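The structure that follows is given in the form of structure tokens.
Chain lettering (A, B, C and D) follows the sequence in which the chains are written, and residue indices restart at 1 in each chain.
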């Protein structure tokens, strides 16, 4: 069940104007750098992007914003991103801000064939506006629907030719959830190995969820908040 | 955050008559053998057991049935178990049979703080009797509630003193789901190591879900259907 | 001659397509794995938490931690992955499994299936069958055309408690291959030496016969 | 003297109990990790997918794949575990996290909190805050008692869009420690040298004062 494609360009070949995309990563950690670059080069437009964050001005999804490829962002935190703010305030960009756990669980729901889930996040806030509320055991929950995305574009640490994936540390974040949720799932990995070389006990995303996989190149892996302690400081 | 206890007896010390238990395993694969033996010795009664199967006549939960400790079984498949059938037909044992995926997902829902989930399993069948049905995108789903168990009793392959767990092969099955779902979760493991010795990328159940852990002894690991092929047979 | 169980499995195996993820139920469906056509790559899912199920082990290599949903000892193939039961049924519900093959006690002409309970007689439980039939995109039933008493198992309506409704797409019995269509059971092929007349006689549900019905070849 | 940010963190750290799983928000809450009392073992959860967060790395050991929810480079302690965001918020929703410490722009006397949006001015998003406040068993807010204009941030009702309702249990500000009770903000302790009078003046919401209010000691 070989799922390999040569590169990002081939992997995203059929992503069309107006597509709904999920993009993995938390901040700039674990983002599909190669696919984002290829989407910018391809110049595909009017995208809806479901992603926890919108990158920074000159990296990650920020690059797609710079090139005005994004019609709508569905995110939980859009942080420090001047171009994002400019497009938002000018009305060029539509933005739906949703709680991070809701974002994660709506991805999981799609991957698990659950049409909707209940979460207490946002009850009593403007997030609840227009949503169905339901009480279970005296606590209120919002009904939130599974996402319906055309493509999930994710980044893993290691992958095999069958599409099995392993993530590294906190670069896992939304990647395995979105991997399960896309109608077509595209995975870029730092290391691509033949099927059989990953420990089947430690696969984070089984290959059944992955349609295309390739080894990415020239990862920058930028750090947003480089924070260090002095060597003699205990904490 | 040391969660270790000395043995099964100490681990189950406060399991009381009438308690609702979850017990991990699929058939006899990955069942908490030590805890089951301790429950039999302790003689605790009127238990409700949520477990995919009910063991065989003389092993697994079958032992607890033999000693008439079980008031109610919630399972998906109760297979070949003469004593089970006898108690069921005589009315001694209450049984709720539910679809396997529903069982799994109701455990997960408890562990993920979701009060209920939607599944299409059982729509149009007697499983749907008395349950709320809801249509999403033209397909019918049943509303199924998260389980509410006093204790989850599970078996892992390796564990560390902080309660982090790793399962082996298909002995994983319901164990990680039940681990998340118990008010008190008791894990028995084949190998217990100091915190820090398991790869944090490959933890199946994070220690936050586990309250007590101990190294089990004398595992029998019985095989229900020993099936082999001849050496020169390809399949 | 009615098909043997092996031939039913062999016929079903011809429905496999390259790249399929397939869930095979207990009994005849398990045998389908022995007849996967040359050049066709499929991955077998076992709902107890495995993708990439391999053949049964050779003697001495049985691993009690490695079983299929029928609780048989098995092996894995390269590229396999283990996961928990929630993810397993998650991928089933999400339609990631391309084909499900399972047995049945009864199938109705509108595609209902009954295979988990005989009231007052048998109460083993539905296991994962209700989840599978509620979600699979493509369901093929492998079964005998009649029960041991000679009564048809292809009915206008199921008598036994249902496992799922309007879900079966195709039936491969010992006598015939049939599609479940809005018009009823559509006869596609017959077992070598079995007449259309015999199939008619042994099918209680509505049977649609159009044109010549060819014999299966093995 | 009002407390410094470090002192607020230090005071909050005294609320930690042995065995707690704790989620620390961005800003002052992050500093709480520096003051965990001797003999108290806590495990820090970072909602981007980590249990067992350790201190910041030393120079040269920053790992871009290892960050906290504030996107800062971090390290892990022995016994740590990584997981995806669904499990992370799953354990939060299921009440497995014993204590959440986060910042606020406003808190109301009934425990409502606002900390994610200033209409027309700031739209960064709620991140995980709404999930945390909707589910945490015990929420402590770390904040300045007043905003830069000197206006109270402890209000009868929040003016800004809410993050969560009736969820805050305790506030540690630069001036005081207060519990949120059915009667309103109950003053428990005051910063060294800060008078009850000043706290009264700077608390717009209902303030409950019973008996002598002791100074915090550092």
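General remarks:
Everything below uses one rule, namely that contacts are C-beta pairs under 8 Å (C-beta built on N, C-alpha and C of every residue); 3 or more make two chains touch, one makes a residue touch a chain.
Please read these numbers as outputs of a predicted model, since none were measured by experiment.
Ranked by separation of Cα centres from chain B, the top chain is D.
Among the pairs A-D and A-C, the greater number of C-beta contacts is found at A-D. Note on chain placement: the centre of chain A and the centre of chain D lie 28 Å apart, centres being C-alpha means.
Centre-to-centre separation of chain C and chain D, using mean CA positions: 56 Å. With centres taken as mean Cα positions, chain D sits 37 Å from chain B. Residues of chain D found to touch two or more other chains are 76, 82-83, 86, 89-90, 92-93, 135. Among the residues of chain A, those touching two or more other chains are numbered 105, 112-114, 119-120, 167-169, 200-201. Chain contact topology: the protein chains form a pattern that is neither a line, a ring, a star nor a complete graph.
The list of touching chain pairs reads A-B, A-C, A-D, B-C, B-D.
Chain C meets chain A in the complex at residues 19, 21, 41, 43, 45, 51-52, 76-83, 86-87, 89-97, 135.
Interface residues of chain A, counted against chain D in their complex, comprise 26-30, 52, 75-79, 85, 88, 95, 97-105, 107-108, 119-127, 157, 167-177, 204, 221-231, 233-235.
Residues 1, 110-114, 160-162, 164, 180, 194-196, 200-201, 203, 206-209 of chain B are the ones that touch chain D when the two sit in their complex. By the touch criterion stated above, chain B contacts chain A in their complex at residues 105, 112-120, 136-137, 139, 141, 145, 166-169, 199-202.
Residue ranges on chain D touching chain A, taken from their complex, read 33-34, 46-50, 55-59, 62-74, 76, 82-86, 88-90, 92-93, 112, 123-131, 134-135, 161-165.
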